[in-house]
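Order of writing sets the labels: A, B, C and D. Residues in every chain begin at 1.
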Amino acid sequence: MTDTTVLVLGFEPFDKAPLNPAWEVARRLDGKTIDAARIVGVQLPCVFGKALEALDAALQQHQPSLVIALGLAGGRTAMSIERVAINVDDARIADNAGQQPVDVAVATDGPAAYFARLPIKQAVAAMRAAGVPAEVSNTAGTFVCNHVFYGLMHRLNTVPAWAQTRGGFVHVPYLPEMAAALPGAPSMAVETQCKGIEALIAAVLRHDPEQQDLQLSAGQLH
Amino acid sequence: MTDTTVLVLGFEPFDKAPLNPAWEVARRLDGKTIDAARIVGVQLPCVFGKALEALDAALQQHQPSLVIALGLAGGRTAMSIERVAINVDDARIADNAGQQPVDVAVATDGPAAYFARLPIKQAVAAMRAAGVPAEVSNTAGTFVCNHVFYGLMHRLNTVPAWAQTRGGFVHVPYLPEMAAALPGAPSMAVETQCKGIEALIAAVLRHDPEQQDLQLSAGQLH
Amino acid sequence: MTDTTVLVLGFEPFDKAPLNPAWEVARRLDGKTIDAARIVGVQLPCVFGKALEALDAALQQHQPSLVIALGLAGGRTAMSIERVAINVDDARIADNAGQQPVDVAVATDGPAAYFARLPIKQAVAAMRAAGVPAEVSNTAGTFVCNHVFYGLMHRLNTVPAWAQTRGGFVHVPYLPEMAAALPGAPSMAVETQCKGIEALIAAVLRHDPEQQDLQLSAGQLH
Amino acid sequence: MTDTTVLVLGFEPFDKAPLNPAWEVARRLDGKTIDAARIVGVQLPCVFGKALEALDAALQQHQPSLVIALGLAGGRTAMSIERVAINVDDARIADNAGQQPVDVAVATDGPAAYFARLPIKQAVAAMRAAGVPAEVSNTAGTFVCNHVFYGLMHRLNTVPAWAQTRGGFVHVPYLPEMAAALPGAPSMAVETQCKGIEALIAAVLRHDPEQQDLQLSAGQLH
């Protein structure tokens, strides 16, 4: 396992925010070692299309065994491990290049959705055990986050080189210093967020992909 | 169009609630006519598996051109037109037969997800124009509602007889008389709910399936 | 009791909204009779100061035994019977005359607060029994609603003519036709809101002011 | 200023929770110095009546110039500086001694409410400038938190010895390790909470009580 690489992707700031916790976490984890796996943090542009080009470049360069993409979910209270990526872009606001696609497929030849290739229940349990608020989410939205999540899973499922690579997406809350200017918004300290992602990575690395995930009820009624 | 049938499915009460707005709406619309289409309201059991048997029986008996399934989403404020059904049952509570599946596929041979076969944006716009709070939702949860929604779309996509049949799922809020016993819960009068579903049905019937949906941004950032 | 008058005050629209449920309820109840009491609906301007002048005029003209003032609380899910009015104006937005006072007393000679002169628990219980979502609220905010509520209670407590007059304030949710343009906002049909206020008025009229209120826990932890 | 003492009161755990962030903050600040003022942290029992006896003992022993009482507000996202304490106990749950008073006065001879004796706007601005989510709240609820807040302000306003003592109440969010077991609950790291209270104390100590508070709009519409 000495040559295992974990790629942690974090978006640049968007929607006029001064920073993005996704990148703040990714850059803090960059260079760390978890269970003999080396973490590489890479920034993604918050731009439809360009973000997937950056993803391709990072996959080629780092040849990771595990890819965790991170994005901001302003208004959520917990680290959200996404269960499913859907094949649609439907942007409520413009991306960082001014694009605002409505009901466009991420991949015209792709299926409606892909599930994360992660033991999501094991990961949630590990994060909670580490004292970090965490949940399974059944929607990653329809903006650049879901776009990258779907694009990642499309590559892992269609490119033979990545057939064994695991991957998924985690939405993270605002940082306190962002929420200080956004009355009512929930937040989470960057240290807590990093602790959560480290717990998730360790849980995934220890999980045998041949085994089924933890049988933990973490669904939603609606 | 004189022999067009619209099937409106509504669940029976569950989780100890005395009534279910989904069925209250379906039974009020039963027998009505919208643009020469006849509405048939049918109740579904809130039971994994059995609900799909009831769906099959209703499809056989009524041979509908359009199927709208309704389910309660306690805590939501608006009528939610669901965009996508996912291939997983993950029950947070037991169904009406005491079953509580965790991470089981709805259809072992099915894809990860199906999109609704409805002009969802046109429908949202029509409901709002009728004065009814409405939104597009990107998750129908992982309980019996999503189970029926996925089962419905699986049938429409795999059974030749239903290849032209349109269908989808709408989550509805609590009724005021239910929320009166649930401090803090949002609600919507049954009259408003019925008006919303009638506006949706009219919008779908008037929409040419060959044409694309209204280009209305109604996505979510996350 | 044949000459009992109940004054129901409702604000005009504000903050660019096309209508205000408070006034929609007040004008629908105007002229009705509840338990031999006659209801008079009067509109208030949403203007600091002027609203209290309109209140004074209405008190003089109608000589009510009971005064219920209604205001919109956009975002609340239930009819909220306010427990306490506080002696401060702190406006987050401008009123209809462009005024935006910050930390100014409603009455410079008044105490910090007044409690409603209503059996608020009896009223909540009656509204719920009528199938209307209702709750006790411990804050009426710091805008024109609280201004009128405090002004009303200051008059009932300091003007001998009103020493026996009961009064209080109820915050009401958006109407569905307003929420249709405000994604995510909870709402309540005007018919449900009217039913709630009628139940409240009946409960107050039947309650002997010499008796204590219903011992119903309806407080908040914070 | 070398003999200035700041009393920081924090409740013990309640409602079966394993810890209480209010006390976690108070005990971490105990012994610290801010602008030459010495901080003393004292724990309060979460019991109606007994909490005020503990308050009296602490006031006698420490003779503080400033008293900040802290309590948990599970579900709030920000540090909430309370504006007003009201003269009522209305408990939704039992306190740590099994008491659950409904609509009982905190002080039978007291007014309906007291305002905090703090520059609350200056404090909010200072906390936000320190990167800590903070807000003014217009209700401290009706449980033991409001009971202690009202009791504190009643003493500061009626006991000559405390005529110059400033004081108020701050509600704090869950800790992340608590929220990890409470899906959906917002939280804040204890380090962030401590930073917020330190910023508040510094802001109050630097504020001349003869001067008016910062003219910052921080009210609520309802």
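We adopt the following convention: a residue touches a chain if its C-beta (ideal position, glycine included) is under 8 Å from a C-beta of that chain, and two chains touch if they have at least 3 such contacts.
Computed from a predicted structure; not experimentally measured.
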Task = Go through the assembly and pull out the chains touching chain A as well as chain D.
result = none
Chain copies touching (chain C, chain D) - same or different residues, decided at half shared = same
Request  = Averaging only over C-alpha atoms, locate the centres of chain B and chain D and give their separation in whole Å.
outcome  = 48
Message = Could you work out how far the Cα centre of chain A sits from that of chain B, in whole Å?
response = 30
Request  = Could you please state the distance in Å, as a whole number, between where the Cα atoms of chain B are centred and where those of chain C are centred?
outcome  = 38
Query = By residue number and range, which residues of chain C touch two or more other chains?
reply = none
Request  = If every chain is a node and every touching pair an edge, decide which shape results: line, ring, star, complete or other.
outcome  = ring
Remark   = Chain-chain contacts, ordered by label, are A-B, A-D, B-C, C-D
Key: Interfacial residue positions of chain B with respect to chain A in the complex   = 71-76, 80, 83-84, 86, 88-93, 100, 102-103, 111-115, 121, 136, 138-143, 145, 171, 213, 215-222
Complex interface listing, chain D residues touching chain A = 77-78, 127-128, 130-135, 176-177, 179-189, 191-192
